[in-house]
Structure formats: structure tokens, C-alpha cells
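The letters A, B, C and D name the chains in turn, as written, and every chain counts its residues from 1.
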Amino acid sequence: MIKNEDFIVKNLGERTHPSPLPLSHSNDDLVSNFTNDDERFLHEISLKKVSQIISGTPAENACWSDLITFEAAGPREKLFFDPEKIKCGIVTCGGLCPGINSVIRGIVMELYYRYSCRAIYGFRYGYLGMVKESGIDPVLLTPDTVEDIHNTGGTFLGSSRGHQDVNKMVDRLMNFGISVLFCIGGDGTLRAAHLIAEEILNRGLTISVIAVPKTIDNDINFVEKTFGFETAFSIAVNSIQSAHTEARDSLNGIGIVRLMGRESGYIAANAALASQDVNYVLVPEIPFELEGPHGLYSILKTRLERRRHAVIVVAEGAGQHFFGSEAERGKDSSGNTKLGDIGIFLKDNIAKYFKSINFKANIKYIDPSYIIRSAPPIPSDSIFCTQLAQNAVHAAMAGKTDMLVGIWNYHFTHVPIATATRERKLINPESNLWLSVIEATGQPAYIGNDPIFLSKTRIMGQKD
Amino acid sequence: MIKNEDFIVKNLGERTHPSPLPLSHSNDDLVSNFTNDDERFLHEISLKKVSQIISGTPAENACWSDLITFEAAGPREKLFFDPEKIKCGIVTCGGLCPGINSVIRGIVMELYYRYSCRAIYGFRYGYLGMVKESGIDPVLLTPDTVEDIHNTGGTFLGSSRGHQDVNKMVDRLMNFGISVLFCIGGDGTLRAAHLIAEEILNRGLTISVIAVPKTIDNDINFVEKTFGFETAFSIAVNSIQSAHTEARDSLNGIGIVRLMGRESGYIAANAALASQDVNYVLVPEIPFELEGPHGLYSILKTRLERRRHAVIVVAEGAGQHFFGSEAERGKDSSGNTKLGDIGIFLKDNIAKYFKSINFKANIKYIDPSYIIRSAPPIPSDSIFCTQLAQNAVHAAMAGKTDMLVGIWNYHFTHVPIATATRERKLINPESNLWLSVIEATGQPAYIGNDPIFLSKTRIMGQKD
Amino acid sequence: MIKNEDFIVKNLGERTHPSPLPLSHSNDDLVSNFTNDDERFLHEISLKKVSQIISGTPAENACWSDLITFEAAGPREKLFFDPEKIKCGIVTCGGLCPGINSVIRGIVMELYYRYSCRAIYGFRYGYLGMVKESGIDPVLLTPDTVEDIHNTGGTFLGSSRGHQDVNKMVDRLMNFGISVLFCIGGDGTLRAAHLIAEEILNRGLTISVIAVPKTIDNDINFVEKTFGFETAFSIAVNSIQSAHTEARDSLNGIGIVRLMGRESGYIAANAALASQDVNYVLVPEIPFELEGPHGLYSILKTRLERRRHAVIVVAEGAGQHFFGSEAERGKDSSGNTKLGDIGIFLKDNIAKYFKSINFKANIKYIDPSYIIRSAPPIPSDSIFCTQLAQNAVHAAMAGKTDMLVGIWNYHFTHVPIATATRERKLINPESNLWLSVIEATGQPAYIGNDPIFLSKTRIMGQKD
Amino acid sequence: MIKNEDFIVKNLGERTHPSPLPLSHSNDDLVSNFTNDDERFLHEISLKKVSQIISGTPAENACWSDLITFEAAGPREKLFFDPEKIKCGIVTCGGLCPGINSVIRGIVMELYYRYSCRAIYGFRYGYLGMVKESGIDPVLLTPDTVEDIHNTGGTFLGSSRGHQDVNKMVDRLMNFGISVLFCIGGDGTLRAAHLIAEEILNRGLTISVIAVPKTIDNDINFVEKTFGFETAFSIAVNSIQSAHTEARDSLNGIGIVRLMGRESGYIAANAALASQDVNYVLVPEIPFELEGPHGLYSILKTRLERRRHAVIVVAEGAGQHFFGSEAERGKDSSGNTKLGDIGIFLKDNIAKYFKSINFKANIKYIDPSYIIRSAPPIPSDSIFCTQLAQNAVHAAMAGKTDMLVGIWNYHFTHVPIATATRERKLINPESNLWLSVIEATGQPAYIGNDPIFLSKTRIMGQKD
């Protein structure tokens, strides 16, 4: 059970340095205001739920403190660090994701031009470059070196997967005299950043660890949206259109598109919604069956007989029960449970099924994974990356640590890393998002034969 | 002063028909739930402000009712109309905007497949086609006719600007036996829709008028985002890149891009932020001067001397004081005050200035207006349009009227048209958005010579 | 040995109908001229080769007839058919290719508006729809039905692979009273079209069979360029950029992109040239080895040690000797020899190699096949498709048959199908095109260990 | 009258240095061959015309020499320069055009990696940077500095318009010890390059001047295609689609798109052909009238009455007779006759016309000029640029001078600058290209009232 105290952000210590930003506290001077630490945003905006929480407890203090709130991001008037005197480091880890370069660039520009911090190091190839033994030296980052990187995909610093020794990484931060480490990465990276922040505190050091969560799957808890996600589903739409064209133009054509989504199907759901050409979306959150009168094979056959073609979008983490238990599947180098390749599995097994019933189907399979991951960000993601970067720098200068910069209801927030990584954000099958998907695809709310679910999920009126 | 009662949505009457949607009230059946009318969302999510409002009043009822809240959009369990028996009409008015076709398609698909409404008429060429005298007949809309329209820009129904007689329009609705009118349009369209709804009530009719606000400028009050806006600033980025390339590659090159934004500079601000190549953003909300030591000419010259090129983005409504008072400028056919062409004005006057000081500058001017307006929506806008359409249909079937479908903090809402059109949504010069713009461009917070503002807005550290 | 008589195009008979096109024979009236049948274009444009051929033979007639020439395409003044009275059929076969819809549209528009032919049938799903037993009826095509199809990929008529009975297809043409059949398809389709044309002549019928060659691989002999090819390599560049980004941003990253090209590597060569980010291009025309000191493994390892990343582009038909003889590989439904999947093969074997030498490499594999095939044409291809279609109609109306519309040195030509399909067009390893590839990639002219080739192909100066 | 002697390319002197390129003279060694100076390509490929020319003269030598032929581009076995010891310069002049950076990059890469030339200077801001008095120093170009420039539009070196003193430019070449100057520019640039080459010869210097023609209008004589042109018309298609959408979706909407084309309408013609949405294309080569029963106003009105919308594409140099004589219009800084703005002229006058007849028309005007000029090249242009650059370097190293690299019938050629600039390449109104335009648009071959032309150009069957 999440409590409000899980949302208290750690501070390295007292803030004694004035911010160099020329902001104000007044509302009519054309100048933005500094943000105070006690500025917090509500997690819940349903009036009914908010009033239930508040009214449900006797003491006034108690009731307010039961409301989960996020600390507001933004520039602080007093800083913990003297920005001109410190060194900062940036590291990017894990798979590629659109926008990493915009975040790097944004951090460098903000540090350099707004806070006059001149010593900015980029550790290369992820956490690997933060271990002395790798033999990989960091590079000095200046506005000149990063000026144009936002227009290209990938990460200017290089990346890698896999764990490194936390002690060695903290050693290297000490060796280089780094005061702030910006970590750009996904779930595994964030967990490691938390361990680094803890080791720093154990050693009594005052090094700030600020994360910008990078997960193309958009699955970080308490973060409404992660950068690169909008770009990802936007580009995925192209592959769906290709699959649709291929399916439609051959007799009984079936287009299958495998998209990212290890535990959360947000990319698949949004890409399907945007394209309007998808008939079935399969996501990790909602189990499905292949066999039986209400399984995928059967409803797919019915659709082909009626419409001659079909498009399936499947998130990479969907249907993992076909590949055995998590224990049987083992872990990859990033520490994630290995996934069976559900795309190839569906392609092969659907082909087998139709062959077995002597029904000539034409299956076309598209896996655009790297094409999506390596793309530059679309403009809305560019803006988002820049703002995440600016707020990450504000947080770091104020001496915040062990936190990530998130967004909730359009407001930038600070979230303790441990809280955000406790569990993944998943699609709620009863959410408006999923309802829109079902309405747009016309697929049954439940693809399987369990009589209890079947009775609850009367098939919704189908679309053609 | 806006009060919570301004957010009460009108209903045509008692709801007696069961919804054909197979939804539930339970949270564990894989089936989405119906939305109740008392589901409301907070306007304000700052904990400090919320608690101030609530604590500031003695009686519990009173305090809660001081909080501004929006009625939640979504499918209702009981309907006012029997959807299979009614006729619906759709009309699209005003200038083009990316996504209109997706909204039309979404309304038709939702009416047809989810509510089994089969009589859907599209009025052609805006309100003009709603007046019998135009001689323009409506077209019957079916899933087949709208299936592929979302992939193209513009409006399948055609559009027009200008006012029509409200009585004649209501006459025609009666003649055709229309029970629901969906109006897709901007400020002027919404005001007319409000008048139509009032005339309907005056006549004692039960015709629902539901609006989907269409303003590429994103300037509807109490609506976080309007459809087409994200597409607009995304495409505008291309023109900025062109202007940047042209400016950079000639000696003392100045690229000027005029973007949409009659009263609100959101497109200019976001496009500039996304491109990172802009040096000055001029918006209607913030006045600026050309002459004098701190005017635009002077800071532009300084920039050219230092960097040899500059890029200016100007919203069409910026700097209107250069063209005389509103009275002097008159009104256009949509009833908006005519705007002087600030783009051409700047291009000509900046050229004159540099000629007058014998400084050879190369000015390149880009006005991508129609290229942006006529584009199809980007994927995130496609999704948004579809969801707006679905919620518009839900609202209509429930017998809501004189309202628009909006969004606030990611939740779809119902907003009375009169409330939303009372004034425009503007960029707050002290908001985080504008701060990001200033940080990204390096432009002064104030471009002018007024000593009071100058003293308040110390020039922020410039970017190169 | 190809002789000039192989380029004589068959005619159905005497031309007695005047063309409805308002063209002229004069050069100063702003009106284009009709084309005569004796207008022919030189195959060879090298002065040296042309003069050798002509001078090499004694009799003047003989020498000119030794020059291979193509019959010029274009509108004829007299027609064999009376266009208002005949029925035409269109069929599209084989895999998708950008531009099919533009060709269909172009044929329909030209027939309808220029020749006033009103009975135009589209056979559906390839040759399958030309066999009565399929139960698939043709559709009537009009300007209205095809007006917007050029903006989408795929084929409006559907397609299929595989052979159908030639007699049954001719039967169906007779049943429908078709006078002209337009066949849009690749090598297999063209061979079948030739058989259809022969069967028609055997039966003493006067049905014209005109082909528009559709091969994304650009491998039709005596045809400089096929439609869709430019689009194909243009889109392939995106996948190469993705592979480059993925490779560059991980330590020892290897990006592998598999592109189309069963027997000819034109797409791979051109995409690599356009991207400038490729290090090795492997095509069917040039054998290569994996093992040994000069094999691919070895030079790849050297490159990684020097530059940390590499990009390989491989045409699907390259390296087929790794999969056994043609006999061992068998045939697919279109009658082509089955291809081993060289992309997956390289990916797996390169991974094995680096594992075996304990060298940590990161391999990213991209196969954009369907994304490319299903795309709409780029503008230059749109134009090309339209002009091919116009010339196909001109040829048909003149009573030409058993021929395809090609292009040579920018001039549209008529080529007998049997001549064009005798063998495939291949990249000449000593051509300027391949020289440009080698210069742009820096790859050795020969990747293998044969000492004779090694001595001839001194390694060209490498690029970084 | 052009004669074959006009196509003889100047050489600086005897070639004594062996080429470092590892090419051969044999056809079966996987290695490309060197090109000999006597390799020439025919200008004319019509068999009839070629045989007429040859047969028309008595002496065999004479008859061959009457055939116009181009010297083949390509690597020579012996070089005039020792590439490791010389310095090269590159200059880019005039307006932006897609692909300039690819040409710069291609020259640098070829010089550096293939010829081991290490001293490559880029003169900045066009010919201005070649004059000492400008105070602008050249930059040293290496593979590192140009590696990624091909992915962005514009010119890495900057550009300028206008004349500079030829003597001063040659002085500067001498001061820097430049042996080869690569000039990338349009008509004016080429004329200046010719003057530079002549001054060099006058001074007895051995500096090679090699041009790569850059004209987005594609109007260089004896050059089939210039770089950037395909990109230009490809991007222009987007603006036409916008104009079409805007026109179609308002009542009596007229979309006007102004495109580049000072004297030649190739961009307008090709963009119109590719889009298929244009009704009237106006180009400089074909005069037209506005008034009268067969003028533009009248046929436009008829079209609106029939179809409710129309799209006009106008090349910037069309209809210049509306603005007075060339003398009256004067010259711009590049020495070209100033053009009246035909786009604005048409927009204003068409509006006036319809107002005068009380016909409510909606005119939307798009001028995408800088958006097109500043774009990066499409892939086919990238390849073309690279190959032009490679051949420019081959020519320079062989000691050719006062020539440009062109292409004719897909073969790269050398053309003396004076010959290529003698007159512009224009669209022949009776060519297949223009016939395709007329067929695709359905516009009359002649828009005007001259009875002689009217009688010759019976109106071709119109398209809807």
C-alpha cells in the first residue's frame, strides 16, 4: 500500500547558495516565480475520491496527509551546490529510445547557460563507462558538442545493458569529483541509481543522483508519461499501415505487427487507436487463449470469412504463459525475465492452424522494433525532453537526490526512485483507454473460453 | 469571476432508455464501467490552493462547492434518446485544422456501431449548409463513406466562415427531424452553437447540441488542449528548421516564420521549444517594441554581430498595436477583429531598419499557414480526436446539450459552451511554458524600453 | 546472343481507326506530335561502340540493323481498336510494390478521358481472379473509383502469387469480351502474360496483352528502371539509418539490414549509396566468404577493433551458396527458386563467430521488407507510373501485343515480353554503380580468400 | 548553332602521375576500369536522327564528327596533379538547393580517401569569401568535419549572391596555393567560374576549375538533370496537396501554389504530374492570357461552376509580360532579370475578377520556396550528389578545367562551362513531359485568345 510518506524526496542538506536564475516571487512582473518545496500536486483529481479520503478521517492534519501528493519540480531560490564550482556527470543506459539526445542536450544547456556550470562529463556506454576497469573515459560536454544532437536518434554517449559494481561506480564519481550524477535509463537503471544514491549516503558523501526515466514502454509508476513513448507509438502506426495494406491486398491476408511492451501494452494500445486499422490488440495485461470456440484462432477465422483480411498488433510481453513460467524463462543481462518471442510464435502457430483446417491464409509479419527505438523524437517529445532536463537540473542544484523527474496531470514532479520502481504501471483493462481500444478495434473484451469471463464480457458490437 | 455553477451542464430531460453499451459497475470483470453524472474532476490540483479553498469556508458543503470541478465525460447507463430511432447531424465550420475528419469519422463510427444509430447526416460547407436557402443538401454518412477519411487533411464535409441566421438553422434541424447536432468549430462556431441551443430550448424542442472545439490556436478556456494543436506545432517545426537553415547559411541571415495564433501564442511557443533553433518568439500575450536601445531592432543587430544569423517566430496576433486600435482594424467574416499582417510588417520593417544603418542583412520569410492547417493529424491527435468523438456521442445520447467535450488533466470533461467562450485561454507570461521558451531561446523576458519592466526583467543569461 | 530482331514488337493487325487524341505532326503549334512505329531509340550510346558496330560490317543496311534499337512508345495516329467500343481488363499479380495503384489509376484515366473507353474491368487478386473457378468477379473501374488510390500503397485490385491455367484465363477474357488485357507484375507474371498472348494468337483472337513490369528489384532486362524501385531504396535508407544508430550507440554494435533483391542487388547498392553509413553491401551478383583471413568475419572484427561499430546491408538473394544448390532449395509458389534467409543466417552466424572468439558484439537486425513493399510511391515514381500507364494505353489502342512498356535512357519504349524475360538484369561488378558503392563503403572489391581474385582486387583505401 | 567542337574539354597539360585508384583495364577481375578521354556518349539516341546526320555527309570522318557527343566522366589512369601535394578549394554560391552538403561531403571524401589529398579548403559565403577584402577566412575540411553534413539542408560553407572581382579571386587562389577550385552554383556562378578559368589561363597558371551545376530549376543546357531538382518537385507535392485540400473543402475554393522556375517550368510540371491534383500549370515557356473568353479567368470560372474548386500551380517566371519588359524590370544582385511576383499577382487579380462578377470564391495562396530550398536531399538526389562529386574530383585530378560535371542518358559527362551556359534548357511545349502534364491536368494546351493557336490546339478532353 502506497502512502504519502513514500513521496517525500531526499535532500542532501541545507541550501545556502542563491540561484543565478533571475526569477521572482511576484505575479505581475513578466518574470516566472521560484518554486517552493511545499508546492505539491494531488495524485487524485476525482472530486469524489478526494473528498472521501479527506472526510474519512477525523483529524484535519491526518486527512490531508492521506492524500497522495507529488513534490513540484521547478527552480529553487536557494541552492545546495554552488553551480560554478561543481562537476556534473551524465550517463545513459539500456536500449535506445527516442529523445535521449534531447535530454542530454537539455541538461548540458541548462547547466551551462543558466547555472554557469562548466564541468560536465558524459560517461560513455552506460554504467560500463562508470567503472574504471572498462578503460572507457568520459567526454567533456559543452554547448558546442551537443548543439545539434537533438536532431538525431540514439544516444550521443552510447549505451549498454547489464549491471556494474555499485562501489566501483561510486569510486569513480569520487575520483572525478562529481557532485551530480544524471542517470537516464529504465527500470534497471533506476534501481541501480537508487543503490548508487544509497551507497553515496552510506559513505557520507554529498553527491546528488537525479534520474530521468527512459522507458519506451511508458511503464513507470506514478509517472503519467515517459519521453520517447509518444514518438514510439506514432512511428508504430506506419508499420500497422503496412500490415494493413499487405493484409488487405492478399486473399485472407493476416498482418501481424509486434511492438514493444514488456509488461505494459501502452504502445500497442495507442498505436492501434491512432491507426484505426487494427482488429486485435494483444497486451501483457490481459490474458488470451488461442484454441477453443472463443479463442483467437476461431474469431480470426470468422473475421477472414467475413472480411477477407485481419490485422493483429501484439505487445512483446503478451501471451508469455505460452512460453512457461518466469523461472523457466530465466533473466537477460538487464535482469529482466526473458520473453518468448510472441510475434514469431503467433505467426508460426496461426499459419499452422489455418494449414490444419485447409484454409489458405497469407500471413505477413512486421517487427519494427529497432526502427522505432532509434528514431529521433517527434516535436512534442522534444519539448517534453527539454523540460524534463531543465527540471532535472533544477532539482540537482537544490540538492535533491535519489529521485526522478516525472510528470502528473501536466505538472512536472519529483518522485523518489524507490517508490516509482516498486511496481510497473499497467493498463487497467477497465480504463477509458482500453475501452477506446475495444471500441476502435471491435475485438471482444475477452478472448478466451472461461465461462465466467465470457458471461461478464458480452461481446461488444463489432466493427467492420 | 468564474464560479462552480458555471460548470453545470444542461440536460434535455429524464433518461429512460438503457444504453446498448455492454458496460458494468464492477471493477474486476474486464469490463469498463458506466460514468455517473456526479463524477467530477478538480480544476485545481495544487494541494496548497485546494486546501486554501476548502479551509477558507465554514460549512462543509459550502467549502466543497467552492472548488471548481468539471463533469466527467463518458458513457451513461441510461439514455435520453433511443439511438436507433433518432437522426443526428454533423457540421464543421471555420478554417481547416488537422483532425476534423478523425472527429467526423469517430462520431459516425460510435453512433453506428456502438449505439446502432443509422441516420447520420453531414451538413456541407459549415453553417451555410444548415440554411435551406443555400441550396446545399446534407449527405448521409455511413461507416463506408467515412472509413478512410482520417488519413487525409481537411474536412470531408467542407467548411465555411461567417454567420447564418440561427432561426433558419433551427428550422432546418426541425425539417430534417434532427435530434442531435454535433458542431465542430472554433470560438465563433461555439457561440453560434450556444445560440442554436438556446433557440431550441426557447422553442421547447429536445434537440441536443454538442460541440467539439476546433481551434488550432489551442485557446479555448477550461480546455487543456484542442485537437489539431499538437499537429500544428509539430509541422511548424519544419518551417522553423527551414528558416534556420536559410538564415545560418547566408551572411547576417534573418529567418522569420509567421505562425498561427490570433490571441494566444501556444503554437509559436511550442514550435520554438521543439525546434531549439529560435532566437525570438513574439506572441500576442506579451507586448514588444521595435525601436529604442532595448527594442527588437537593437537586440537583433547585436545578435547578428555576435552570431551572424537569427531566427524569429511570430504569432499572427502579436504586435497588433502597430496596426491601430481594434476599432480601426474592423472585423472579418467570422466576426474576429481583423489582424494586421505582422509577418510581412516585420519582414519589411526589419529590412528597412538594416538598410537605414547600412548593415547588409538577408531576410527570408516563411508563412506555412495553409500547409499546417490542411495536414492530416499526427497519431497522438488521431487518438485524441477519436476519444473526443466517442465522448461527444456519449454526451449526446445522455441528452446533454449546450456543452462541449473538453479535456483537463488527461480526463475528458463536459463544459458549458457559454463558460468556455467567455474569454480566451492565454499563455501566462510567468508560466513554466513561457519560462522554458525564454530559457530555450535566450531572449529577454521583455523586449522594450519601459524602465519599470526593464528593471524587473533583468536579462537572462543568453544562449548562443 | 540478343539480336535486333528480338526487339520487333507484334501488332494485332491493320490500324483503321483515327486516334481521338488532338495531336499533330507539326513542331510549332504547341501541340505534341504522334509517334510513328519507325521511331526507334539506340540501346548503346557509347560513340566507340556504336561506330564499331556500324563500321564492322560491309553493307550499309546490314550495319544499321546490327544496332540494337527499341521501338518508341507514344500515341499512334491510327488505332487498331475503336476505343469507345471495346472492353479492357487490368490485373495485378505478385508481391506488393510501391506505385501499382498509380499505374491502375493512370490506365483508367487515360482510357476514360483520352480514349473515351468506358468498359474497364479490374480482375481481383491477380491471375486467380482471371479464372472463373475462383468465384471472384472483376470490378468495374471508373475515374471515381480510382481517383484517390494513388495516395495509398498496395493494389486496389488485390494480388496473389502462383500460376493459373492459361486456357482458363483466355476463356475468361473471351467470356467477358475483353479486347485489351493490362498485366502488371514481375518476372513470373510477364512469362504468363506471354503465354496468354501466344494462346490468344493460337486461337486467332485479336486481344492485346500489354504488360507494365513490376519488380521492386529493378531486374528486368532491357528496362533501365522499374516503377517502385526508387521508392524502395529511398525507404530502405531509413532502416539503414536505424541500424547505423543502433550499431554506433552500443559497444561493438553490428547493424544488419536485409533488403529485397532476389537475383539483383540494386536496392541494396542504391540504399547504401544514399545513406553513406554502410560498411559492407552483400549482393547476389558477387560471391563472398565468411571464414578465412579475408572472409567477412575477419574484416568485420578488424573494423570493430578500429571503429567499434559496423553496418551490413545484405540483399535477400546474396550468399545463397550457403544454403545448398538450387535443386536442394526447391521452388516457391511463384516458380522462383526458394531463398535461404541470408539475413537471419548472417545474424546467427556472426553472433556465433564473435562468441567463439570471446568478443562481445551487439547485433541488431532489421528486415523492413513489408514496410517498403506496402508504401505509396515517392513523387518521381508517381510520375513514372503515370507515364508508363499512359504509354501502355497508347500501345494497346494501336494493337500492339505481347510487349511491355519500358524505359531506356529516359525514353519510353516497347519491348517484346519474351526478350525482356530471357534473363535478369544484374549489377555489373565493374560498373560505375558498383565502383561508387565500393568507394562509399570502403569495403574490399572482393570478400574471400581465392588468391587469384585477391591479387586482382588490391584492397581499396578504406573509409572510416 | 551548337557544334561538336563546343564539347571539347580543356586540359591543363600532360598527365604524368599514376592514379592511386586500384582500377584495371580488364573486364573479368571484379575491378572497375579506368575511363579514357576518347570515351564519348551520343547526345542524340533517336536512330532516325543519328542515321540522318551520319548519312547526310560524304566523308566518313566528317559524318561522325557531326554527331554531338559528350566526353565521358570517370577516373583517369594518369593524373595531371600529384594529389598528395596539392591544395583544393570548394566554394558554394547562390540560393540554397537540396544536396549542396552531399556534394561538398562527396568531394572531400573522394579527395581524402581515394586520392590522399589532405589540404582541402572551404571558402565561406560564396564568392564573397574568395575575396581577401571580405575578411572571411576559409575553413579546413576533413572527413570528420563533413561526416554528417549530408543529412541536413543548406550549405555547410554558407553562400552568397552577387559578383566579385575575378582578379581578386584568382589572387586569393594564388595566395592560398590552390590547384583545384570546385565551384558549386547556378548560371551566374558558372559564368563567373568560366571567367576565373580564363583569367587563370591568361596568367599562365595551372589551376583547375571544375563546376558542379546547382540549379534547383533544372535549367542547365546539355545536362539532363541537376541535383536538388528531384527533391524540389518531390517536396512541392506537399504544398499542392495542401492547396488541394484547402480548395476542395471550401465553397469555390481556389488553391494557388507558386513554385520555383525562373525561366523553366520543370518543377511546376513535375510536381503537378506527381500530385495529380492540379488543374492548371503555368510555366515561363508557354504564354497565357487572363482576360477574354479563353483566358484563365473564364476557364477558371467554368471549372468552379462545374466542380466547385480548382488548383493552380505557377512557376515564378511565368507570365512576366504582365510586369513589363525585361528592361523595365531591371536586374537582381545575381545579375538575373528581376521577376514580378506572379503568385501574388494572380492571387490578387483572380480575387478582383471574381469580386467583379459577384462570384464568391475562396483563394488560398501557398509559397513554399524556402521550405523547398532548405530541405535535405531525397535518397536518389543523395546518390546523384555523391556521384557528381566523385566525378568532379576525377576530372580535376586529370587536369581538366573550365568544365562542369553533367549527366546525359544516365551517363556522367564533362561539358565545357561556356557551352552549357550559352542558353537555358527549357520545356518543349510539344514534348512528352508537357503532353503528360496536359493529360494529367486536363488544361487546354493553350490558354489565350489568339485565333491561330486556338484553332491548332483543339481543347483536349477534360478531366474532372
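In this section, contacts are C-beta pairs under 8 Å (C-beta built on N, C-alpha and C of every residue); 3 or more make two chains touch, one makes a residue touch a chain.
Being a predicted model, the structure only gives us computed values, none of them experimental.
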Query raised in the report: Within the chain touch network, how many edges lie on the shortest path between chain B and chain D?
Result: 1
Query raised in the report: So chain A and chain C: same face meeting same face, with over half the numbers shared, or different?
Result: same
Query raised in the report: Taking each chain's centre as the mean of its CA atoms, how far is chain B from chain C in angstrom?
Result: 48
Query raised in the report: With chain centres defined as C-alpha means, what is the inter-centre distance between chain A and chain C in Å?
Result: 43
Query - Chain centre separation (chain A, chain B; CA means) in Å - result: 28
Report summary line: Two or more other chains are touched by the chain A residues 152
Query raised in the report: For the complex, which residues does chain C have touching chain D?
Result: 20-24, 27, 29-33, 38-42, 45-48, 50-51, 54, 64, 67, 69, 74, 105, 109-110, 113-114, 116, 143, 150, 224, 230, 233-234, 237, 270-271, 273-276, 286, 378-380, 382-383, 386-387, 390, 409-412, 429-432, 434-436, 438-440, 442, 445-446, 453, 456-464
Requested in this report: Going by the contact rule at the top, pick out the chain D residues touching chain B in the complex.
Outcome: 96, 125, 128, 152-155, 158-160, 238-239, 241-243, 245-246, 248-251, 255, 364-368, 370-371, 373-375
